[in-house]
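Next come two complexes built around subunit A: one with subunit B, the other with subunit C.
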Partner chain A sequence: MNRVYGDRKTILILLIPPLAIYVLLKVVPVLWSLGLSFFQGNTLRGFEFVGFDNFTTFATDGAALQSLWVTIGFALIATVSQVTFGYLLALLYVFVLRKGSAFVRTAVFFPMVLPTVAVALLFRSFVAVGDNQGPVNDVINFFGGSSVEFMASTAGTMATAIVMTLWSSMGFYAVLLYTGLLDIPDEIIESARLDGAGGLRLVRNIIVPLSAPILLSSIIFSLNSTLKVFDSLLALNGGGPGTSTSPLTLYMYRTAFEYAEYGYGSTIALVLTLLCLVFTLTVFRSSSKRVED
Partner chain B sequence: MNIRSPRRSMIVTGLALASIASLAACAGGGAPAASGGGEDAGSFSGTDPETFTVLTANENPTLEAQLDALAADQCKAENEALPLVHEKTAQADTVQKVTLLASQDALPAHFIAGTAMVRPDGDLGVAELVLDYEEFLTEAGAWDNILPAASSTVNNVYGQMVSLPYQYNLEGIWYNKAAFAEAGLEEPQTFDELTAASEKLAAAGYQPFAQAGSQGWPLTRLMGMYIFRNVGPEAMTDIRDGNAKLTDPEYVAGAQALQDMAEEGFFGDGFNSVEPDAATAAFLTGKAAMKYDGTWLLSNINDEEQNQIGAENVGFMPFPAVDGGAGTIDQWPANAGTAMAANPKLAGPKVADWFSCIAENYGQQALQDAGVLSGFKVNGEVTDVPETTAFVQDKISEISETVLWFEALLDAKSNSLASTNVTLLTTGQMTPEQYMADLQASVEANG
Partner chain C sequence: MTATQTLTQARPRSRKVAAPGSAPSAARRIRRSLRRIPVWLVVTVLLIVVMYPQLWMILGSFKTQTEFFENPTWALPETWTLDNYVSALTRGNVGINYRNSLLVTIPSVALIILLGVAAGYVLEVMIWKGRRTVLLFILAGIMVPGQMILVPLFTVYFRAGLTNSLWPLILTYTAMGIPLTTFLMAAYFRSVPREIFEAATMDGSSPLRSFFVIALPLMKNSMLTIGLVQFFSVFNDLLIALTFTTKPDLATIQVGLLSLSDEYGSTQYGPLFAAISVNIIVLLVVFVFLNKKIMAGLAAGSLKG
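What follows is the complex of A and B.
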């Protein structure tokens, strides 16, 4: 067997089919999209080479820049909250509930399997106003307040979106971080306890440093998924009110498919890809510096 | 130690160059689709397809049902010669789907299209991929079946006769006659009277207007009508032609009027989240006294299950005049439904027979079966026309001048912006001046 795997021809024969499929399905479309970002037009009208015009347009396009900030803001707030709450839940599973955490883990993870659009519609009905008012306004009314039309304001829509994202995804991060915490040897924790470490001190000085790699992965997962948020914000309020909660993905979709501007749509896609890259590298660099320190 | 092999570098460079070259070639080579024989559109020089395929929106089951009914009865011979086949798409995906089909030379014989696409300067118009129905139906001897008002509306909206008027809608204010009588009101003739009437209706316990704010356009239509009454029927063509700006005071006044109506509470609680069905229900159950909407609402009004206030209590009036304005109350906004274009390449003799049969029979069929008022002549007797439908028919026959609606001539991006930003306007997060300035900037950037 070693002879077979040591043979370069065999390796090539085994590698070429999956590599070819990968190149066809992943690399070619990405390069194709990259190429399109230097053109203007669509498949019907035809394409015209415009060089870097789409990039300069992006830099001066108010709607695009607004979408960029919405994307960054949403990603940062959602990442911090879902990783933090996920981590707190993971600590709860390991140190409080211990082996009895299975039910809670399942219950918190459950929203993850629901379709995002269904979750968005659910939250939309939670904050509804008027005849079929949702429970949130019922509670506000119960305490003497006036109904709030959350979907009519940027802050209200964004707050609902963050809570919705947190509700549906923190269970995933909790399970992910829980597996990381399980990898920490019991002996180390016991030794720390014998040395007098407990509570917050134990978490800060022992648990967090030892679970740093899985925390780092969670942050990168979370950033990459929230930077590409699309369906939940579209279903929640169509990127509104106005275009104030419209992320780059939604702007890209509308540009390419509703306005049939494929070239500019590809440019927006490229900006989004670069954004994901920058965020990921930033997290990596900051973590590697910490390790060197 | 990382030693870069010159051979490997050459291979990588070569691959990169090949990729860029092939991308450039593929991307740049996508010339506009071949002409659809625009010069010959109108003659039967197109080649008949194997089926009469009609692409419609999922959201419009009526058209599919009525075409099926025609295929089974009046257009049976045409259906046997060229069988009717339906294809569906989500209305929101229309532009994407039609662009893709057209670029693959796979457009069906009859298809839904985006408003901007079928205009002379739109993607399909430039590529000559839309049939001129006037020329085509004249040659087929069926043009007389299109009502002049409907063809005029289609020409106004699309700049050419490239859509069949499966609907012919007026827009105005539907009102609850019983609620008006209770509050001692007559039909308001001016906007000030409308405002005063709304206040009285609110005092009488009615929500003055039921408007589906979640869709945007039910609100912008009110603003647009104020502008048409204030500026005159050329209000939006002046914007398109650059003779006026949305930031001019008489246009900003329209946005101000809408904002004032919202702040007065005329649209009820949480109107920005209200869905169309809920707004219709609010009106037809007597909760709201008025609803600005099109005559497509007739199907709901004629449905006894939905209409709990009774057809005899439903009135229809035009948007009132604005004091000192150049527009008049007689100018009704009209539209002929979503664009339903035809592929000139497939406009052969059998397709011509189909379109002739539709033009001759659709008006009667749709009115009799679904109570739908179309832009086709009603050839033949229609029995048991509901009272409200007959009333609207009379109105249509009296009208001498129509206007478009606020967004009709805007490009796709500005159209979308007008609808989405209206929430910010009506909740006071955006001033009327800001709203119009943003829209004008979009018109200038994308027009």
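What follows is the complex of A and C.
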């Protein structure tokens, strides 16, 4: 039997096409990009080997450092709020709404499938339609506050971006964590209840530790997607005002394709990749250490 | 639709369970439903926050430019005409944008699924030395951000003279979709009992034949689930589309939406709202029918990735 399923011809026929596309269009470009980060220039002007110059430039480039902080700040705030709101919703689904949660679950999930560009444009109009103010300011006025021009300030734009990210993805994280909570055996929760643990204590001492693995996966997934934030900040306000909310991805795109600095662009892409790797490993290490303690 | 059904069915069922306990006194039952009020309040606020922006956008798509500037933005449209939709689809590029998006998304997703299921079969069902290493090698691709391949691919597509077509988008999406699809397909094949494939061999089917006759029909459900996930990630992408689209008439809908709003000051809000609303309405229809598959697929994709 093993000999039949070791048939070389079948393996080659079925594996060569996907492997070839993967290697040629993903692996080779990644290695190529790694190499490019040691060069300066572009295809028209020619390339010049500069060693680690691009990296030292990055460390002293104000715009690059600014976008690095935008990326890290956005990722941290978005991840904490996404996972927290998702977890609260999941607890609501499992322990309060129980069987009646299907409609709420589906409705809150839906914005996740909407294109980020569309969502960003929606929220930009939601805070202001041209010179006319949007529903958000109407609500602020109703409670006696004065209108805020969200897109005119860095803090306003970032706050809108965070709220928008939360709006579109909290339902997704809720479903993710909900499936994790469903896996907790009812007997454990019942016996904890009998031992007198109820409400917050039950959640803190029993439920959170038991759902730790899925919380960890959610945090890692959320960090990895928010560190690559691109569409939302670009479509929301073009990385502005000025470049104050332009993340690494957008700075890389502009460096490489608007200023045709292919080498430096590749360096920025490499920094982004390393950032994702470092964040993932840090979360992973810190959590496995806590389990050992 | 199915979701509302379960909601309406679930309520009487849970009440029946609670009935014996609360039967003794009516006061206790009232107290219990009073205690539910904060819950319904929270759920109502939640649903308003989630749904109102979408409804507001769709209502806005019926307004005229003067209504946008003179009426409060929460006002209902004065007339219900489809003028904005017509002008977005005909006068703007939105119609072409949607056509391009479909021309890119459908072949990409088909290729991703076909190549992914083939790779999954070879890496899980076929037995050969080094298959674990190859799987890990493909898996590594999930970790790398798209930014790492933009510059080299741009150079290659430019040299190969492909920049005047939609091929750069299709090829790039396919390459980016393969790692996760292969990994998920391999996982699905792992849950299929080996005996099915061994029985096929007994009946004289070669492994290649078994792939087409047994594996593909067997994976139909998984292919649909992963296909939906890939559809959303390709259709909603901006980065790749923006980088490899050099001409306006090759732009996908996401790039189109971005440039539609870029003409600041002279933005035609009606058509812009209409173009966004088309997205919301079409995806809502898809989601009503396939929400279980979409939710399961997206969750699987994130956890295993």
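Convention: the second predicted complex is superposed on the first by the 264 of 293 C-alpha atoms of A that agree within 3 Å, B and C clash if a C-alpha of one lies under 4 Å from a C-alpha of the other, contacts with A are read in each partner's own complex, and residues count from 1 in each chain.
Methods note: contacts are C-beta pairs under 8 Å (C-beta built on N, C-alpha and C of every residue); 3 or more make two chains touch, one makes a residue touch a chain.
Since the model is a prediction, treat every value here as computed from it, not as a measurement.
S.K.: Does the superposition put A:F103 against subunit B (first), subunit C (second), both, or neither?
M.R.: Second partner only, subunit C.
S.K.: After the superposition on A, what does A:T43 contact: first (subunit B), second (subunit C), both or neither?
M.R.: both
S.K.: In the superposed model, which partner reaches more residues of subunit A, subunit B or subunit C?
M.R.: Partner touching more subunit A residues in the overlay: C.
S.K.: Which partner does A:D131 reach: the first (subunit B), the second (subunit C), both, or neither?
M.R.: Touch partners of A:D131: subunit B and subunit C.
S.K.: Going by the contact rule set out at the top, does A:V113 touch subunit B (first), subunit C (second), both, or neither?
M.R.: Once the two structures are laid over each other on A, A:V113 reaches subunit C alone.
S.K.: Output check: A:T243 vs subunit B and subunit C. Expected answer is one of first, second, both, neither. What do you get?
M.R.: In the superposed model, A:T243 contacts subunit B only, not subunit C.
S.K.: For A:W32, is the partner it touches subunit B (first), subunit C (second), both, or none of the two (neither)?
M.R.: The answer is both, since A:W32 touches subunit B and subunit C.
S.K.: Kindly classify A:L274 by the partners it touches after superposition: subunit B alone (first), subunit C alone (second), both, or neither?
M.R.: neither
S.K.: Would you check which partner chain A:F257 touches, where first means subunit B only, second means subunit C only, and both and neither mean what they say?
M.R.: both
S.K.: Which of the two partners, first being subunit B and second being subunit C, lies in contact with A:L182: first, second, both, or neither?
M.R.: In the superposed model, A:L182 contacts neither subunit B nor subunit C.
S.K.: Both subunit B and subunit C contact which residues of subunit A?
M.R.: Residues 32, 36, 43, 124, 129-133, 257, which sit in both footprints.
S.K.: Enumerate the contact residues on subunit A facing subunit C in the complex.
M.R.: 1-2, 4-11, 13-15, 17-19, 21-22, 24-30, 32-33, 36, 43, 89, 92, 96-100, 102-118, 121-126, 129-135, 138, 167, 171-172, 175-176, 179, 214, 217-218, 221, 228, 230-231, 234-235, 249, 252-253, 256-257, 262, 265-266, 268-270, 272-273, 276-277, 280
S.K.: Mind pulling up the subunit B residues that touch subunit A in the complex?
M.R.: Residues 19-20, 23-24, 26-28, 30-33, 92-93, 95-96, 99-100, 102-103, 123-124, 126-127, 268-274, 278, 282, 287, 412-413, 416-417, 420-421, 423-424, 427, 429-430.
S.K.: Per the contact definition, I'd like the list of subunit C residues that touch subunit A in the complex.
M.R.: 2-4, 6-7, 10-11, 13-14, 39, 42-43, 46-47, 49-54, 56-57, 60, 68-69, 72-74, 115-116, 118-119, 121-123, 125-128, 134, 138, 141, 143-156, 158, 171-172, 174-176, 178-179, 182, 197-198, 201, 206-208, 211, 232, 235-236, 238-239, 242-243, 253-254, 257-258, 261, 267, 269, 272-273, 276, 279-280, 283-284, 286-287, 291, 294-295, 298-299, 302-303, 305
S.K.: Show which residues of subunit A lie in contact with subunit B when the two form their complex.
M.R.: 31-32, 34-36, 38-39, 41-49, 124, 128-133, 147, 149, 151-154, 238-244, 254, 257-260
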